[in-house]
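Labels A, B, C, D and E are assigned to the chains in the order they are written; within every chain, residues are numbered from 1.
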Amino acid sequence: MSVGLEHFLVLGAVLFAIGIYLALTKRNAVAVLMGIELMFNAVNVTFVAFSRFVESASPLTGHVFVVFIITVAAAEAAVALALAVLVYRNRETINIDEINLLKW
Amino acid sequence: MAMKTEPFVVNIGPQHPSTHGVFRMKLTLDGERIIDVDMILGYLHRSMEKLAEERTYTQNIPFTDRADYLAAMTGNLAYCLAAEKLAGVEVPERAQWLRVIMSELQRIASHALAIGTFINDCGAWHTPLMYMLREREKVLDLFEMACGARLTVNYMRIGGVAFDVPDGFVPACRALVKEMPDRIAEYEGLLLENEILVARARGVGILPADMAIAYSISGPMLRGSGVAWDLRKADPYAVYDQVDFDIPVGTNGDSYDRFLVRMEEMRQSVRILEQGLDALPGGPVNVDIPVALMPPPGETYARIESPRGELGFYVVSDGGPAPFRFHIRAASYINLSALREMTVGLTVADAIVVLGSVDIVMGEVDR
Amino acid sequence: MPTRFLSGLELAQRIEQKLPQTVVEALPEWVEVQPEKLVDVCTFLRDDPDADFRFLASLTGVDRLDHFEAVYHLQSFRLNQLGVLKVKSWDHDDPEVPSVAPVWPGAVLQERETYDLMGIRFAGHAGLRRIFLWEGFPGHPLRKDWLSMPGQRMPGLHRFPGEPGEPDVGRG
Amino acid sequence: MDDSGSVVAFWTLAALTVGSALMVVAVRNLVHAVVYLILSFVGVAGIFVLLSADFLAVAQVLIYAGAIPVLIIFAIMLTPRAARDNAETSLGLPALPLVGALLATIISIAVVTDWPEATRGGFEETTSVIGEALLSTYVLPFEIASVLLLAAMLGAIILVRED
Amino acid sequence: MPFDWLRAGPPLAEWWDLRDLGNAVGGLLGWIDDRGGPSWLPYVVSGLIGIVGILLWSVFSQLFFVWAERRLVARIQVRLGPNRAGPLGLLQPVADALKVLTKEMITPRNADRLLFWASPILVMVPALVVFAVLPFGERMVLADLNVGVLFVIAIGSINTIVVFMAGWSSSNKFSLLGAMRTVAMLISYELVQVLALLAVVVFTNSMRMGAIVGWQDDFNTWIVFVQPLALLAYIFAGAVEINRTPTDIAEAESEIVAGYHTEYGGIRWGMFQLAEYVAGFAIAAIVVTMYLGGWTLWGLEEWVPGWLIFLGKLYGFFFVFIWMRGTLPRLRVDQLMGFAWKYLLPLLLVNVLLAGLEVLIWQENGFAAEAVLPAFAVANWALAVVLVVGWGQVLGHLRPEHRAKRPVLVKEVGAILYEPYPLRPGGSVPEA
């Protein structure tokens, strides 16, 4: 029994699916953000797995991408959470069902 | 757009490391910032004023020990002054000087503890407290030598003091007087310039002079707020008019100033002690008074400068053997009036520092 | 220089000059004023440069069996003088005098204490609650008739305050 | 990767990661959800170690197990108690087939595609290579990312500032 | 072949040579290999030896240091300290441990049971795991990661979450206050830690702990000589991380009783206490490894076991923490955060820049280390003093309201000497 690229790709896919389910269904803005973070992680796993297993002249490019993703994710988390706090302050709720000012 | 956080109510006390007894502060917080303070007292209330109405004038002296149990001598003194004023008793010269000596020793002991616990409240890990307790121990040893008790001394009597001091007392007291200035200088060197202590206490809990007067604040707190007021000079009792000393006055009215004033007052007390030991005359230490002292009907208000401020006894006599009314004007209780004024807008950590700088004794607050 | 004791007679004279018909009785020891004028008198004494009583040294109440009196010891720092002011309330069941807390904020705690232990209500006091005893404690212990309160009420409680059960107010 | 240690490690870590991620969906308490999320992130860090990405593994722990949960916790604490549940919207049931379909697609692609697999083992030293790449080939994205971080920081501060 | 590095290097003396306990382990592993055991066995055996060794060492050190701290602080406080149980009171920690073990563990009714139960266990993890990358001796390291420095920082950040879990799950207001304080504080000081350690990495050009010690050994110097400012900042950040005065605001006894572990009793409280000490050892060990030459002592390690030198330095450094606890009051939380963001961070940024410049000058010109390192040391020490004092001046820590003063002495009563601060009553002096 051995572990190869497919194993990691499937793991990434499962994590991504869970993340997208969280983002789609959760009522709480913070929980939605947690789903998005999970999706980022799934993508990171995939990147690193490709970097490790796939033939390439500069295999560590995948790692560099992951570094960028982590950076951007941190920035995104900070802004998104600031938004959540702000929305709560203005609308007294962070239930995204009730945040519908932009609804057509 | 203000931050709408839920107000958060925290009970500091009645069982808390730094409420100095069973005092309870109900803090309403917004984050760490205090938006309201409520004091809840009475956990140590013993209804002394009612009990005193059932006992003779002499029997009431132990109550005054147990009101401000960290300054029993001054408590005794204030009550005896009131009773003497009411009954018209003259106190012999030697007793007067002994009263001054004991009061000043008591002031050193009480201020030492106040400074130690104050710095503890600022977050030191008991070290200054331990040093201060060492000094206090020496004073308590002297008390033990004089009257056999250390905390609730019951030493003063109406018309003098209970017993003359033993022969070894004056040399022992002189040794302490000789040693104390160095000690105080050492503590000042260690504490005054401590950057963290200054950062914690300077500018925290500011009480302006006019507010301090309006809130009936007295003692080191009042002097810390810049008011030069000391009953030992303003309304001399015993023989304070015959000793020379200075009143230390702070200028900014913050917690740090109160600490400074207490520190300097210890030094001034040592000065008074020196003069008192030199001037101590011979002679009797008390006068005979009837067992059931029955002062003529009337009322009196006698007050002294206790370590915590103006300690007053308002005693009303109806001619009987027991006081008709016995009211203690407790300094640290009334000093608490301004607590809300001083703490609202600060953080929890600051509130503890401010409370420490007020120097409350729950026995006196609740009585 | 010891504190000058401003005698009641002198004090009464000064008050009468400014606020006539407020002094009820003046003795060398103290001066009694009409309760309804108390706040005016106190404000006057506080702000008058000759009296300068900016410091309320002590506030307490006395149960004189047929009436209650509230006693105010006033101190001036600048002039170093002390004066004593009294007001009386002749309603022995429900004594009430005006609060001087607006004049001296230092009166807040002392009035609460006097209310708690003596039962004198201070009209105009914003937070007149019990302070040493708990809400629901029957009677006011410093009153002379406390041990034989009317209506067979007894001091003390059946149980600790806060425990479940009937409220203990006015247990008979 | 066919030694038994790697296989055991992979399955353990995969189970930890996926199990914790599922718990994030399942638990009702948002704070518990954050704790499970951290556990899941730590599992991902383990996966990174397995893939010999040591620098990324440590960075993952530092940022995903240390920094971002703190942000999330602060967001939770700054909003009221009532908003601390982890309930789902009515979209829960319709989302399931959608997510299932997506999952099936990705997995089929992953399995069916014939990836050009390399035969080399793990990396010896990743940190210095990443560092050099960031400051040579990818220097422009690197700078843009730093500007983005700065902008995000300023934005977050301005958003929640009390005027 | 696993653990080649353990068997590499010059053949040392026999396996029983105390100078290097790695010898014994290497001998054992070689013995297992020779007998043809399964390939995973050496991993498991060496891991177990390391883990059990670190665990036992940390527990016994903690017990000893509970006693040592009480005795030393007592000495600072002019009293005796524990002196009844056993000779010199040495058995006092044993008695304490027995008491803690037999006490009831109370769970508050409103506590979050899962997290309340898990926190005391998890709090040990970051404290202990750090030791995995720290070399106790030349080859005595459980896993000499090549990202060791980053690992240490990453593990430290987990601590934040555990403390928050403990405080939040207790359902106690003091705990929650303590937890939020800790979280705010730790994330501020994480940056300080990173920058302080980064300056070291710039010099050593490696994040491997072993290599950092090796660098100091090669150049016969300690990094503290070339990076004094970084050490100073790291000590402060370390004190924050392990909740010691002047930075023990997370469990400030006089304010919030015991902070995040107010509700814990019995052995659960004991775990927090143990973790606090072990984290303190970890900080001290990091300081010793990164700044104070690790297990080397200018050639003495040839004669004295390196791990003894390491432990000696570690305990010696831990004494600094005890000393701090005995002598300093506590800062307020906003002062502590202000100190990190306004004072330490700018200084450290300048420091990292300077370190980079120095290394650049050194490498580009190919100077000899013997010539260039003393020059750097002198320059950096001078600069550290200038920066610390100068930045303090700029921030106004030497303004009048920060300086000590004396009360005014008066003879006559009645005067009013009050001078208001330029600020609102009841408020505090605004930070510069």
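The definition used in the following text is that a residue touches a chain if its C-beta (ideal position, glycine included) is under 8 Å from a C-beta of that chain, and two chains touch if they have at least 3 such contacts.
Every value quoted in this text rests on a predicted model; they were computed, and no experiment measured them.
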{"item": "Reaching chain E from chain D through chains that touch each other, fewest steps", "value": "1"}
{"item": "Required minimum of steps from chain C to chain D, each step between chains that touch", "value": "2"}
{"item": "Label of the chain whose CA centroid is most distant from the centroid of chain D", "value": "C"}
{"item": "Chain of greatest Cα-centre distance to chain A", "value": "C"}
{"item": "Closest chain to global C-alpha mean, per-chain Cα centroids", "value": "E"}
{"item": "Selected interface, C-E versus A-D, where C-beta contact pairs are more numerous", "value": "A-D"}
{"item": "Separation of chain B from chain E, taking each centre as the mean of its C-alpha atoms, in whole Å", "value": "43"}
{"item": "Cα-centroid distance, chain A relative to chain C, in whole angstrom", "value": "70"}
{"item": "CA centroid of chain A to CA centroid of chain B, Å", "value": "64"}
{"item": "Centroid distance [mean C-alpha coordinates] between chain C and chain B, Å", "value": "25"}
{"item": "Residues of chain E touching at least two other chains", "value": "413-414, 416"}
{"item": "Touching two or more other chains - residue numbers and ranges from chain D", "value": "55, 59, 67, 74, 78, 80"}
{"item": "Sites on chain B at which at least two other chains make contact", "value": "1, 3, 211, 227, 229, 234, 341"}
{"item": "Residues of chain E touching chain B in the complex", "value": "73, 76-79, 173-174, 177, 181, 245-246, 248-249, 252-257, 325-335, 397, 401-421, 423-429"}
{"item": "Of all residues in chain C, those that touch chain E in their complex", "value": "77-80"}
{"item": "Touching residues (chain side chain A, partner chain D) in the complex", "value": "1-11, 13-22, 24-28, 30-31, 33-34, 37-38, 41, 44-45, 48-56, 58-61, 63-64, 66-68, 70-79, 81-86, 88, 93-97"}
{"item": "Complex contact set, residues of chain D against chain E", "value": "3-5, 29, 31-32, 35, 38, 54-55, 58-59, 61-62, 65-67, 69-70, 73-74, 77, 125, 127"}
{"item": "Interfacial residue positions of chain E with respect to chain D in the complex", "value": "39-40, 43, 112, 114-115, 145-147, 150-151, 153-158, 160-161, 164-165, 168, 180, 183, 187, 190, 207"}
